Amino acid sequence: MISKQLLKIKSHLCIAQDTFEVVLHSPLARELKPGQFIHIALKHHMLRRPVSVANVDVGAETFTIVFKIFGEGTRALSNCKAGGDFLDAILPCGSYYPIDRLQLDHALIVGGGIGGVPPLYYLAQSLKKKGVQITSVLGFQTKSHVFYEDKFQLLGDTYVATNDGTYGAKGFVTDIITELSTDIDYYFACGPTAMLKAVTDQLETQEGYISLEERMGCGVGTCYACVVPLKEDPSKSKKICKDGPVFYANEVILP
Amino acid sequence: MISKQLLKIKSHLCIAQDTFEVVLHSPLARELKPGQFIHIALKHHMLRRPVSVANVDVGAETFTIVFKIFGEGTRALSNCKAGGDFLDAILPCGSYYPIDRLQLDHALIVGGGIGGVPPLYYLAQSLKKKGVQITSVLGFQTKSHVFYEDKFQLLGDTYVATNDGTYGAKGFVTDIITELSTDIDYYFACGPTAMLKAVTDQLETQEGYISLEERMGCGVGTCYACVVPLKEDPSKSKKICKDGPVFYANEVILP
Amino acid sequence: MTLTTTLPGLTLKNPVMPASGCFGFGKEYSQFYDLNELGAIIIKAATGEARYGNATPRVAETASGMLNAIGLQNPGVEAIINEELPFLRPFETPVIANVAGSTVEEYVKVTKAFNHSNDIHALELNISCPNVKEGGVQFGTDTELAKEVTYQVKQASKYPVYVKLSPNVSDIVVMAKAVTDAGADGLSMINTLTGMQINLKQRRPIIANKTGGLSGPAIKPIAIRMIYQVRQALDIPIIGMGGIITAEDVVEFY
Amino acid sequence: MTLTTTLPGLTLKNPVMPASGCFGFGKEYSQFYDLNELGAIIIKAATGEARYGNATPRVAETASGMLNAIGLQNPGVEAIINEELPFLRPFETPVIANVAGSTVEEYVKVTKAFNHSNDIHALELNISCPNVKEGGVQFGTDTELAKEVTYQVKQASKYPVYVKLSPNVSDIVVMAKAVTDAGADGLSMINTLTGMQINLKQRRPIIANKTGGLSGPAIKPIAIRMIYQVRQALDIPIIGMGGIITAEDVVEFY
């Protein structure tokens, strides 16, 4: 059940250029599933900010978020301090990768940038625990933005592309996917819409799940800010905050 | 000359209920005269907050302000920290008690509450340095609001009244003034308008100076937010931020 | 001190109610707190048929406010009556239905459909949505249209009718008088002010619809001014909204 | 990149200028920075005779904004010409005079007085001050009055005339068209929105005049929307204002 909580900040770390990893305490940590997000209120901001769950430590009742300074809200978030500060958040929000329902031996994980990589790390961890073989393809703009590559390496084969070639392969995640010769059961993708479009086109014949982003109001399904039209009937829509952010790849029309 | 500066916070102390004494560093400290104020900008607030200069240490290039939490702005001010934080302020603002021009042996100082007492402390200090005898009458609402009595005591006879009688004499400053049998050359009053009205009426036959408060916009004389009508021609006005806050007692019509 | 408030057709335990569109149909927020604690619930706008609404992005943040251009997305009045309202039955909190449309006929159709539901207690006539191409705000900025739709809806409704006024007008009192003359039982004020925000990287409006409705503390001074003006001129119940966040805000609207 | 901007009657080094009323007549802020760095200076409103303005308090703070009800206090057009404008002579920065009045005759009188000054470069016709009992905003919300005063002032003026529009209207484009038809050389947008704030302890409006004009970042989305709408409809120079604080804000108005 979703609720509003004041989360204690356990640690706060800069892990790449403008990129922060924050560990939060919550008794609800154990209920957070890969793909879900929390919706964070910030002083002097009318709208909450959605940020994905990047990992969970059930024993410690903590979970991790990873975010990058993008505008005023994420800048404020980057100024929070471990120890004294609390974060006002709604959680858990949205749908998750339904891995418990899937017949899975080998999963392809495709993540792009700050929006894509964090939730997929939690997903990869969870898949690993279930004994699923993982191949990860991560895309970043440039070397200084790269993070979590080492963590993904520990979970399976991991390939990194940067748009400007300053690290890993030069180009896009799709360039790497073309080269892959592995058989996969499902792919799981998260990142910028342009990337999701390219990946879903490329992997059209594969089963997969994608996670979407949209500007949100309520984050819980009341305001209709975050809809996405459905392929089977574009006059119908689902809400990214409540029915998503994770959708079956062929379910929705990407904007 | 007036200017906008970032002032380093040297110390920050709670001296009475919700009342704070903050020492600020500025090369302009030596130019601040008794009765003048600084106009403080606060994040997330459109309007600056006027606060009087309560003392100056020319050697250290510092000056003191004393304020009480009244609303959101003064609350934010009370959360500033010595060491790291800077205050964005315009200074020096407004007119001052013209003590260098006056023939003075004995001065009566009448201050009411948080708006009145701080600027008069700086005035009393300055008068003392010139060898003027000082009698001070300070009014507060209740005992927990009383501050700076000891400091005034060091400069001359000091009487305190509280409205509820929890400290000093019960009643108003005017009750104490009635009892005083001393001859004074000038009085200097600062505090709530109701008090200023009562005091100027009571001391009608005396020469005196009063300091006014009003909601301000610019604080430097451009916006006409803070005018007060003149006794000699009520269709004319002066600006409290620039021509005031200190006025000759019979110059202005109190609102 | 009692917070009980009596309005035409409504007895409220307290005068606090979420504004239409901010609360959906109640299900989601029932997870956060007991809906019985609310004075009333104003549900999301209902139109004659299901509406998809505008393209996304539909919201943007502004200084002490937000813009929204949802475009009256809703499942249509029949679906609301049959699928959404039953959820609110167990709660003691009165429900106000928000009625929208592109034509007077559509408003009347929605009104009549609600006559068949016993799950609501009043109608709020939304003549002020700035985010749909036709209807919506035109009704709210044209005195004659506002009168006409108020009159027709009032005639058709078995429930009291509160008319929700648009602040995007030169003279709010003229508009308030017009709908009062046309039979409104009460007013609700204010809907959003039309605004726009630019995405500086892309140099185009953030909201796909370009303009959106500005709400939040930024518009509170405008809401208070308009409510004050109408109160001075007319003796009619007013449901106040526009930037209310704290208890102090609520008091300021009295 | 050049910031030079050319407008009717004005060549600006950069498009940044303080809005009327926020800058007095320049003297005070000349202590803070070199006035030569400004693109232009719009001075405080001038009326035919000296005006005292409203009772105090005249300002109040709101969420991301402020209310003001100065009431056009100024020393009168002759005193402005003789006592204030000479101070600005040494600066290279063009001066725009803000013309106000209660009647068309007063507007024309002020306009003609400025014809005798060589210290200004353009007029801004203030038909949108919400804080005076007569005149002011009426001219700005009534299309016929706005046309009439624009026409008369334009006829009387030897300087280009920018008309400052009020946002307190149902349709800003109608108003912009009206004053353009009447001869305006340019528009300036927007003046303040009428608002009110309550002092909760005293349970009455903070501002003595009760209502005041809302300015600041709170109204920026409304300013941008209105400027956008007018730009789509008309080909006339627009001086943009309303909540501009940062360089990003300036860019957003383009």
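By letter and in written order, the chains are A, B, C and D; residue numbering begins at 1 in each of them.
Here, a residue touches a chain if its C-beta (ideal position, glycine included) is under 8 Å from a C-beta of that chain, and two chains touch if they have at least 3 such contacts.
Since the model is a prediction, treat every value here as computed from it, not as a measurement.
Colleague: Which chains lie in contact with each of chain C and chain D?
Modeller: In this structure, no chain contacts chain D and also chain C.
Colleague: Of all chains present, which has the mean Cα position farthest from that of chain A?
Modeller: B
Colleague: Return the distance between the CA-based centres of chain A and chain D, expressed in whole Å.
Modeller: 49
Colleague: Where the centres are mean C-alpha positions, what is the separation of chain A from chain B, in Å?
Modeller: So the centroids are 57 Å from each other.
Colleague: For chain A and chain C, what's the span in angstrom between their mean Cα positions?
Modeller: Averaging C-alpha atoms per chain gives centres 35 Å apart.
Colleague: Touching two or more other chains, which residues of chain D qualify?
Modeller: Only 62, 64-65, 216-217 qualify.
Colleague: Where in chain A do residues touch two or more other chains at once?
Modeller: Chain A, residues with two or more chain partners: 44.
Colleague: For chain C, which residues are in contact with chain A within the complex?
Modeller: 21-25, 27-29, 31-32, 44, 50, 52-53, 55-62, 64-66, 68, 70, 73-74, 206, 216-217
Colleague: Which chain C residues qualify as touching chain D in the complex?
Modeller: By the definition above, chain C touches chain D via 62-65, 67, 141, 168-171, 193-198, 200, 205, 210-211, 214, 216-222, 224-225, 228, 243, 248, 251-252.
Colleague: Using the touch rule from the top, collect the residues of chain B that touch chain D in their complex.
Modeller: Residue positions touching the partner: 1-4, 44-47, 73, 214-218, 220-229, 235-237, 242, 255.
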